[in-house]
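Two complexes, one shared chain (chain A), two partners (chain B, chain C).
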Partner chain A sequence: MDLLKRYIPVLFLLGLVIGIQLMTHFTGTGYYLTQLTMSAYYSVVVIGLCVLMGYGGQISLGHAGFFAIGGYLAGALTTHNLMPFKDYGLITFLDRTGMLVASKDLYGGDLLTVEPWAACITAVLAAGIIAFTIGGPVLKLKGHYLAMATLGFGIIIYRIGLATQYFGEADGISEVPGFKLLPGIEVSGSFGARVLNYYIAWAVVIVAVILLLNLIHSRVGRALRSIHGAEEAANAMGVNTSRYKLYIFVLSAVFAALAGVLVTHYNGGIGPSEAGVMKSVRYVAIVAVGGMANIWGALIMGIVLNFLSLRGVFGSYDDAVFGIILIVIMLFAPQGILKINPWQQVKSFFSVLAAERGEDTADS
Partner chain B sequence: MTPELFIQYLFAGITYGIIYAIVAIGFNIIYNTTGIINFAQGEFVMLGGMIAITMNAFMPMTLAIMVAVLITMVVGALIEMVFIRWLESPSVLRMIIITIGISILAREVALHIWGESVRALPYFIGNEVTSVSILGARISPQVLWVIGVCSLMVAGLSLFFKFTSLGREMRACAANRRAATLCGINTKNMVTLSFVLSAGIGAVAGCVMSPITYSDYSMGPNLAIKGFTVAILGGLGNSLAAVAAGLLLGIIEAFSVSVLPLAFQDAIATAILLLILFIRPHGLFGSSEAASLKEF
Partner chain C sequence: MALLEIQNLNRRFGGLKAVNNVSFNVEQGSIKAVIGPNGAGKTTLFNLIAGNLPANSGKIYFNHAQINGQKPYQIAKQGISRTYQNIKLFHGMTALENVMLGRHIRSRAGFIAGMLNLPWTWPEEKEIRDKAQEYLNLLGVAECADTEISNLSFGQQRGVEFARALATEPTLLLLDEPAAGLNIYETAEIGRLITKIKESGITVLLVEHDMSLVMDISDEIVVLSFGEKIAEDLPHNIQQNEEVIRIYLGDEDA
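Showing the complex of A and B:
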């Protein structure tokens, strides 16, 4: 019964995804699918961060960094030509084991690049390992220090992307090839594959959501919530707080990196702006609007806000909109906008007023 | 490295270092009275510089700077009154997100007022090529202005906190807010005052540094990160240690340019920040016992 309750929204989402595709098909607005695909990938980052922030209570202002690690590594590995190094032992070994693919470039030259699957696994693994390494010391910190440390991590990744020739410096990496998941199923930005890619992206989202829903209803989820509630108390009750915090940090980093890999293949490139601080802040803003400990809220807000932003609805006020959202939500509705109960707000406002008046009369 | 070059780097380091120290002191003033790290601290420096540049078109520079500092102080007070004053014991996470939002908002407003172009105040004395010779190195007089004005501010603030009754009230507020309230200090006003004060010193720093470092709408976050690094390095809340830490970071950065590519310069400060947070979160000069009692 409980399981059914958990999965009904997932089925509803599935129906919605198919419904929207059909609707765009019949109204001839297929171009919306491109932004919906992108929003879906960004939402994977958001729901990962949601579990870290909302359930684990650990803020991260560096998740664009993990996104960028995934995207940049996948992009660089599948784009840079290894032909000149063909005679090195390692490259020959990789070639023999099928980790490399040979192809022709635009001018008919020979190209030897890393197979996207191998690149994807490398990139996601790298992000996981980096998260595991820095997670130990970073997650010992709390509050402002944790925020600044993760922010600092994001800045370092941004700077590395901007200053390293291998990652294309300020231009980023372009002409990243498509990612053949299975024969006939390819993540790429080509026009004909738009509908297919829409479904790939949403399949990824749905799998991610199911995974996280199960996680937060498991022993791990309960442990995380106890950490959020009171870390010392959780510790005293025998919850290994530092281990759970680290697990969830690594998991959310892996989600971000995976999204980075897929977006890079879908867009055919990645630039340093994807690693920028503003991106990380944006993810945090979306989680906050969604209501922190609310995967569905984060997902809905992630799709809506990213879609509007990608469509250019906010124009040159794009960043300002996210800034205002952050402030307004945190000032008036720290539980997220899906939890607002206007009547309750009005009532509590008047009760505060009444209490103040009562105090005043008591004083005089 | 020749001695002249060494002196040259040293002065560049001190110039930046003292600016970082001023930003760090801005952090400290607000942190001491509220326990909040104001992520929008760098925006005060930006606002000070940008407003002064705009005002300079209509009035003499001294007046323009004074007006700019005043306006920034008013902005600081408004930010506190609108966003912070009426919140009842907000969580740290909430305050972090709110101040980040304020910093984004301030930056976006600045972008729409002044655009993306980089501007600068004219040099206070002479121009770009005027220089004085110190131990064989050629130093711009503006560098001396920065060092002088910032040192004066640090000294003035120490005196203010030590000897004036207002300064003492603010320190009482920092030491124990409830006790301060019981002694008849209006703690809410002290918090507003701390925002005004840190906006003011940020704006002054933004004006004196503008001729050498230039001002643009996006300079805030970078300064805030450096300032925070310095504040942590010296031990959060300790303003004199922040000066020492600021000079240290400025000099490390200045000399790093001779070894590493320029693009990595900002990464150095960040790496130092991470290192300090991991190894000595109570700062180089702070005590770990005192730090463990504080709420971050």
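Showing the complex of A and C:
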């Protein structure tokens, strides 16, 4: 019964995803699918962050950093030619175990690069390990201090991307090949694969949503919420609060890194702007608009706002818009935009008026 | 050996000796009360036992194992549960969910099992829920089960906190002023409840200001004043103890 209630919205989402695709097909507006695909990937970051912030009560202003770790590593590993190092023991070993693929570059030269699956696993693992390493000390901090520390981490990753030749400096990495998930199913930006990629992205989102919905309704989810509610009491109930905070931090970092990997293969590249501080602020703003402890809210807002942003609706004020959204939400709707009930407000407005009337007549 | 043994425990805050060389035992199956004027170090003592504060020196043994130096969650797992003077419930969660947290150490589903919603966790979840509801019933706050905790009255919150502490099935229950803010009827109710808890085999150590409650239910009383233990005796002897009367009522000359 509870389970049914949990999964019905997922089915609804699935229907919506298919419906939108069909609609774009019949109206000839298939170009929307590109932005919807990217929005879907960004939403994976957002819902992971939503569980960390809304349920675990820990803020992170460094999630664009984890996204970038995933994207940059996957991009670099699958594009840099290992041919010159062919005779090194490690490379030979990797080649023999099938972790490398040989191909031809544009000019017919031999290319030897890491297989996308191996690169993806490496990238996501690296993000997880980095999150685990910095999470230990950083999550001892609370509130503003945690925000500052994670912000610092994000800036470091941004600067590393910008300064390292291996990661393409200011140009980033381009010509990233597609990522064959299964035979015939490839994450790539090629025109013919647009519909397929739309469905791949949404399949990833749906799996991520189901995993996180399960998690927050489990014993672990309850423990995370208790940390948010009263950390000291949670500890006294036997919850290893520091370990739970660390694990949820790592989990959300892994979600961000996975999204980074997939976006990089989809776009065929990644640049330093993906690691920028403003991206992290954007993710936090979206979680706030969605209502913090609300996976569906975060997902809906993640899709809507990212879609509008990618369509260029906000123009060159893009980052400013997200800043304004954050301020307005904190001031007027700290429970998230979906919790605003206009009818309720109208009713309470009139009931106040009516009450004042009543008092007037009582006086006279 | 006693269930809880406190040996030469010390805790200083700067120059203040909040707990000064305190030793006493709590016997299995008894109710022991710690009393003393405000600032006597009672709550500090509780925080030392529960692991919220490290001691400067001294030892605490629980069930033959030394527990000072351990983290609160480790101590909780060994069977010590507590309530707080200023109620500490989990906001944003319902009363039932709060009590379900009390079952945390009695269940084991982790991150992976939770994310995949593995079938073996289902009966566990059901048991957590059922047990939590039982404890809410026991405390007479069953009707609050689905209410968010901040919408409950003070008395109901106290009941939920009590239920949460009991839901861990502790060996030793630490109660920090369980009757604070309650009227005389509710206090009498709490007294009966604590006696019932003792009869179910749980040892109770409580800090309390309400003397009639303490004298009624305690098997033994420890009196603290300015961090030092000044008396440890049966309730009716404590009532006669001149030192205790002096610190509570002041000197005749004063």
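Observations on the structure shown:
FYI, the second predicted complex is superposed on the first by the 341 of 364 C-alpha atoms of A that agree within 3 Å, B and C clash if a C-alpha of one lies under 4 Å from a C-alpha of the other, contacts with A are read in each partner's own complex, and residues count from 1 in each chain.
Throughout what follows, a contact is a pair of C-beta atoms (placed from the backbone, for glycine too) under 8 Å apart; a residue touches a chain by one contact, two chains touch by 3 or more.
Everything numeric here is computed off the predicted structure, so don't read it as measured data.
Touch criterion met: A:230 reaches chain C, while chain B stays clear of it. After overlaying the two complexes on the shared chain, residue contacts for A:273 are found with neither chain B nor chain C. Look at A:35: by the touch rule set out above, it reaches neither chain B nor chain C.
More residues of chain A are touched by B (comparison of chain B with chain C).
When the two complexes are overlaid on their common chain A, residue A:81 makes contact with neither chain B nor chain C.
When the shared chain is aligned, chain B comes close enough to touch A:159, but chain C does not.
Using the contact criterion defined above for the overlaid structures, shared-chain residue A:122 touches neither chain B nor chain C, since it reaches no partner. In the superposition on chain A, contact is made by A:214 with chain C only, not with chain B.
Judged by the document's definition of touching, no chain A residue lies at the interface with chain B and also at the interface with chain C. Listed in rising order, the residues of chain C touching chain A in the complex are 50, 52, 71-73, 76-77, 81-82, 84, 88-93, 97-98, 100-102, 104-105, 107-111, 113-117, 121, 124-125, 128, 164, 168. Within the complex, the chain A residues that touch chain C are 3, 211-212, 214-215, 217-223, 225-226, 228-230, 232-241, 247, 251, 293. Those residues of chain B lying in contact with chain A across their complex are 37, 83, 87, 91-94, 96-98, 100-105, 107-109, 112, 221, 225, 228, 232, 261, 263-264, 266-267, 270-271, 273-274, 277-278, 281, 295-296.
Contact residues of chain A toward chain B in the complex are 57, 59, 61, 134, 137-138, 140-145, 147-149, 151-153, 155-156, 159-160, 162-163, 277-278, 281, 284-285, 288, 316-317, 319-320, 322-327, 330-331, 334.
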